[in-house]
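Shared between the two complexes below is chain A, which has chain B as its partner in the first and chain C in the second.
Take a look at the complex of A and B:
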């Protein structure tokens, strides 16, 4: 019951967040986004034709009416048709979102799991050569441009070794999935691992210095037991927070660079094209759904905190 | 701490992964048989012929839909040839009535839009409908300009509400295979317009059935049927209903010398399309496109990106590939059907048209000085690897009206002459106007701006007077040009048809912004010649008029022009073809064939 009450209260509390995000983004779209009028017109348009296209795009309507329409679309999850291609926005999302999920999920999971593993290793050997080696690789991963990593991996695995395709997404079964997802996953893990490892190491090192860890070690607990039970478990809240809050970026925004360079028709590429072409229906859907997803993540995070640490009570979470 | 309670986290992630995986794995297996994989450097947004204004959309459209005419596969300069039409049209003596006859064996591909899902025969009624669509505001046509003010009764039809059940007076089907087109005035380019992607025949049932999604679910009668389309690629299968006469290689412009060693001879007399499937990959990133090509079993072709030119070419003039490239690939180079140019907004009285003749002359001198300061050779060497062809005026080398004898003074840098012009007309540091130079925010565009600014500095033009205005997207930039917010612009023009009228219309007064005359050039003499030539059939007299107009544009220093880029194509030797990226040439894919790699030459 407490959980339900918390969820409802957090949902209500998320409304201002959604309104704020959608309003700011809509102001940016309307006043600073590309104007599609001349892109859609024939070569020698008359004033009437210009007015007609502007009306079709809704440019001639007052801002607040357009914003109210946006909210209505968000509530009904009906964003109409893409300005550019005419495709229903919901169809576009249904087509591209699963691709981005399938593309990015392995890298997301591996990047976090390996980050935690290396973080644990580096934290345990803090100051030693293993720690320095892991941190050195982390800095390398963080320092190299993602673009360079992608191009280098394409050349290495696709052209030189010939093990995997340079680009494409011709996925129809598990082997073909593994064939196309491997290099993008390696590239994203290579870059994400540096950031993740540094963050997790910092969290784990802090936990490692606490009294209860010293006590566990005094009782003779082994390194694996100490790190897993006493350190990792007690550091789960910041770890879960980081992991959860990166989900919306993975699920909705996808990865523009990966999708563009590997020729993968996901939501990241669709979003980028919508930004550059001023395709407001697509942008409205992506921004609005991202805001909604953040609200869901906020709620999920609060509920998870109470499960992970009994000291966090739902009452206090509600009060917060 | 309850360690068991962390289980939902990996469980949730795992469920997410599995769900995504299952969903994303739902694609169909790749097509079997001979599948040619073509790469192109941009992505189409709409596959509706009425909106196919870019190379990227037109290359898909002309392979899915039929047009009455197309360009010969191998002939250069480009030559028209019938496609769906049976021969060239009959034209009345006064040039006002064209009679087109089309094949009676063409059928649309099967689609749920048709009764029983079976594609029906193509008739001239489909052509009438397809032309009407351009004048229906709901279509948002980008090709209506081709026929605007040309066809009897079309404007009235549109004004009366664009009711498709009402006939257009000037479009008279005689029977299912014969159409008379009645024109308001002679329009010699009409046949050319029926080779553009805009003119492709669409079935009314499919447009109405799919609604706005017709733009991504096109249904046509072309050589291929679209099976999937997204931002990364389009896939096609051969249209089994597509019937054409066997390929006559000689009639398509085969040149044994120019096309030697490409294996094209084996195609002669064959039924096309030769492929079972086609994939067009939209790869905007040069590095990814090149790597995909170099891998050997992904895309079959590449238009060589600038950064690979040194690696590919052993010599630039004439172009010769390195031995390594020649051993591995087929290659060919040719000029684009278009050009790049700079231009002034002549509406601005500070440097454009001016009612005072003296000031008008001074403004002309200023523009000419800017043009004389511009170094086309440096532009070519810096940004086009010295491979492009610089030519005077606005009639590019690929059209038959090009004048190779025209003086090159307008494209020859003359710093001293520019300084003298400015001094002669009283321009000095205090009076020189500030120019806003617009461009899309990108490194190369910025470099081009800086190059121009440095060149203008050489003639004494203060560097701070050339002000950059950057735009996030081409759409924003284009809008700024159309709404006269930039004084100086640099654009590219791709020919819709190989006739100089297509570029000269860019200077016709009534086409001023927001029309295609971005220069807002208004010269009554030019307009009179343009109107005179507009109704003339091709011939020496019309060519003379075209060239006279070209000289006017040069003399008035309206534009800094021009340069046609060289396109270098490479393709794997198992692909029997001659690729072409131009908007006029997307038809070539129906003639592509593939052989086993061990059968390929070399």
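Take a look at the complex of A and C:
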């Protein structure tokens, strides 16, 4: 019951956020996005033809009416039809989103798990050569551009070794999935690992310095048990926060780059094409749904905090 | 009677200012100094390219395409016969332009908005700034930058504006926290008791104390700006005319598949060296300016 109240209150608190995100992005697309009137018209259009196309695109209506329409579309999750392809936006999302999730999930999970594993290892040996080696690799990894990694991995695995495809996404079963997903996954793990390891190590080192860890050591608990039970479990809140809040960024920003480069028909590529072609219905859907996802994650984080740490009461979570 | 009055004077040992302390700590950190020197070398390269001392021929077309490294072309030539080494050096200038402008602009914006929010915490000014920050954070970065860059297409500053609009939020959050911590300290109360206007208290008395945070954030933003420039230029949303590592990598992405590696190696090598140098420098700076440093050791 308490949880339900918290969720409802957080949902209400998320409204200004959703309004802000949709308003800023809608101003950008309406006033600065490309004007499609003449793209859709034949040569030498009459004034009536121009007016009818503008009406069809919704350009002739006042900004605020269009914005209110947008909000209604967001509530009903019905964004109409794409300007460029005429496809229903919902079916476009249903087609591209699973591809992006299948593409990004392995890299996201592996990047975080390996980051935690290396973070644990480095934190346990802090100051020693293992720590220095891991942190050295992290800084090197952080200094290599995502773009460089993508181009290099593509050249290495696709051309020099010839093990994996250079472009495309022709997935119908598990072997073909592994065939297409491997290089993008390796690239995203490589890029995320440096940042993740550094973050997780910092959090774990802080926890290691606490008295309860010293007490556990004094009672003779072994390294593995201390690191897993005393350190990792107590550091779960910052770790969960980081992992959760990186989800929307990975889904949209991460997919944009990988999918444009590898020519994979996912949500990122569709979004990028919508930006450059002024396909407002698609952009409205992506931006609005990302904002909603953000609010859902804010709520999920609060619920998880109370679950991970019983000391975090719902009242305090509400006050925060 | 002042208990310290007859103690021996050891001022030259103990009375070092925090700044001198930080400098000593920084200089004792070998990696940090290596990073600083690397950045300085890159900066001199950029300055020379800017003043027209070298790398002036980066756009000259040659008749020999995809030539290997030679005395004339240290790193060979690209598809159009342009000298890859000169292009890579000239790109250093582009990188510094983007990095410095975005880092300075977002640090100033973050300091002002974060300062205002922290100083007026709980008021409507604070709420509006927090809302703006939350909103900008909830828009995925590349989507936002791409939209702004597209919105201001043809404007050479589109990319800088878009990055500044997103990068100030982290600085703003940290400054807000610092100001919240500082604003109830005695020196602020003293300034207020003197009847100084809020503007002076905030900008002359509180914000100067957040300089360590601002310095570290500026170096982190610099790195982020350079790395984003490369990706945006690759996507065609960044540098419009001129040369940058991102444009070079974009050119090279097809060449690499055909087995011509020099353009790619040169651009990513220069990029890596500058970013790595800056990362080491930023780490050292952060450690040196960390007030908890003395306690940690």
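The rule is simple: the second predicted complex is superposed on the first by the 307 of 320 C-alpha atoms of A that agree within 3 Å, B and C clash if a C-alpha of one lies under 4 Å from a C-alpha of the other, contacts with A are read in each partner's own complex, and residues count from 1 in each chain.
Just so it is clear, contacts are C-beta pairs under 8 Å (C-beta built on N, C-alpha and C of every residue); 3 or more make two chains touch, one makes a residue touch a chain.
Bear in mind that the values here come from a model prediction, so they are computed numbers and not experimental data.
Once chain A of one complex is fitted onto chain A of the other, the partner contacts of A:166 extend to both chain B and chain C. Of the two partner chains placed around the shared chain by superposition, neither chain B nor chain C is touched by A:76.
With both complexes placed on chain A, chain A has more residues touched by B than by the other of chain B and chain C. In the overlay built on the shared chain, the residue A:236 is in contact with chain B alone; chain C does not reach it. Of the two partner chains, both chain B and chain C are touched by A:155.
When the shared chain is aligned, chain B and chain C each come close enough to touch A:260. Once the two complexes are laid over each other on the shared chain, residue contacts for A:140 go to chain C alone; chain B is not touched. In the superposed model, A:290 lies in contact with chain C only, and not with chain B.
When both complexes are overlaid on chain A, the residue A:25 reaches chain C alone and has no touch with chain B.
Look at A:276: by the touch rule set out above, it reaches both chain B and chain C. Of the residues of chain A, those at positions 34, 151, 154-155, 158-159, 166, 260-261, 276 touch chain B in one of the two structures and chain C in the other. Taken together, the chain C residues at the contact with chain A in this complex read 131-132, 134-136, 138-144, 146-148, 150-152, 227, 230-231, 234-235, 246, 249, 252-253, 256-257, 259, 261, 264, 268, 271-272, 275-276, 279-280, 283.
Against chain B, the residues of chain A that register as touching in their complex are 34-45, 49-50, 52-53, 56, 81, 84-88, 91, 95-96, 98-99, 101-103, 105-106, 108-109, 151, 154-155, 158-159, 162, 165-174, 176-177, 229, 233-234, 236, 240, 243, 259-265, 269-270, 273, 276-278, 304, 307-310.
The touching residues of chain A, when paired with chain C in their complex, are 16-17, 20-21, 24-25, 28-29, 31-34, 139-140, 142-148, 151-152, 154-155, 158-159, 166, 248-249, 251-253, 256-257, 260-261, 271-272, 275-276, 283, 286-287, 290-291, 294. Of all residues in chain B, those touching chain A in their complex are 1-3, 5-6, 8-9, 13, 16-17, 19-21, 23-30, 43, 45-46, 48, 51, 134, 137, 140-145, 148, 211-216, 230-233, 281-285, 287-288, 291-292, 294-296, 298, 472-473, 475-476, 478-479, 482, 511, 514-516.
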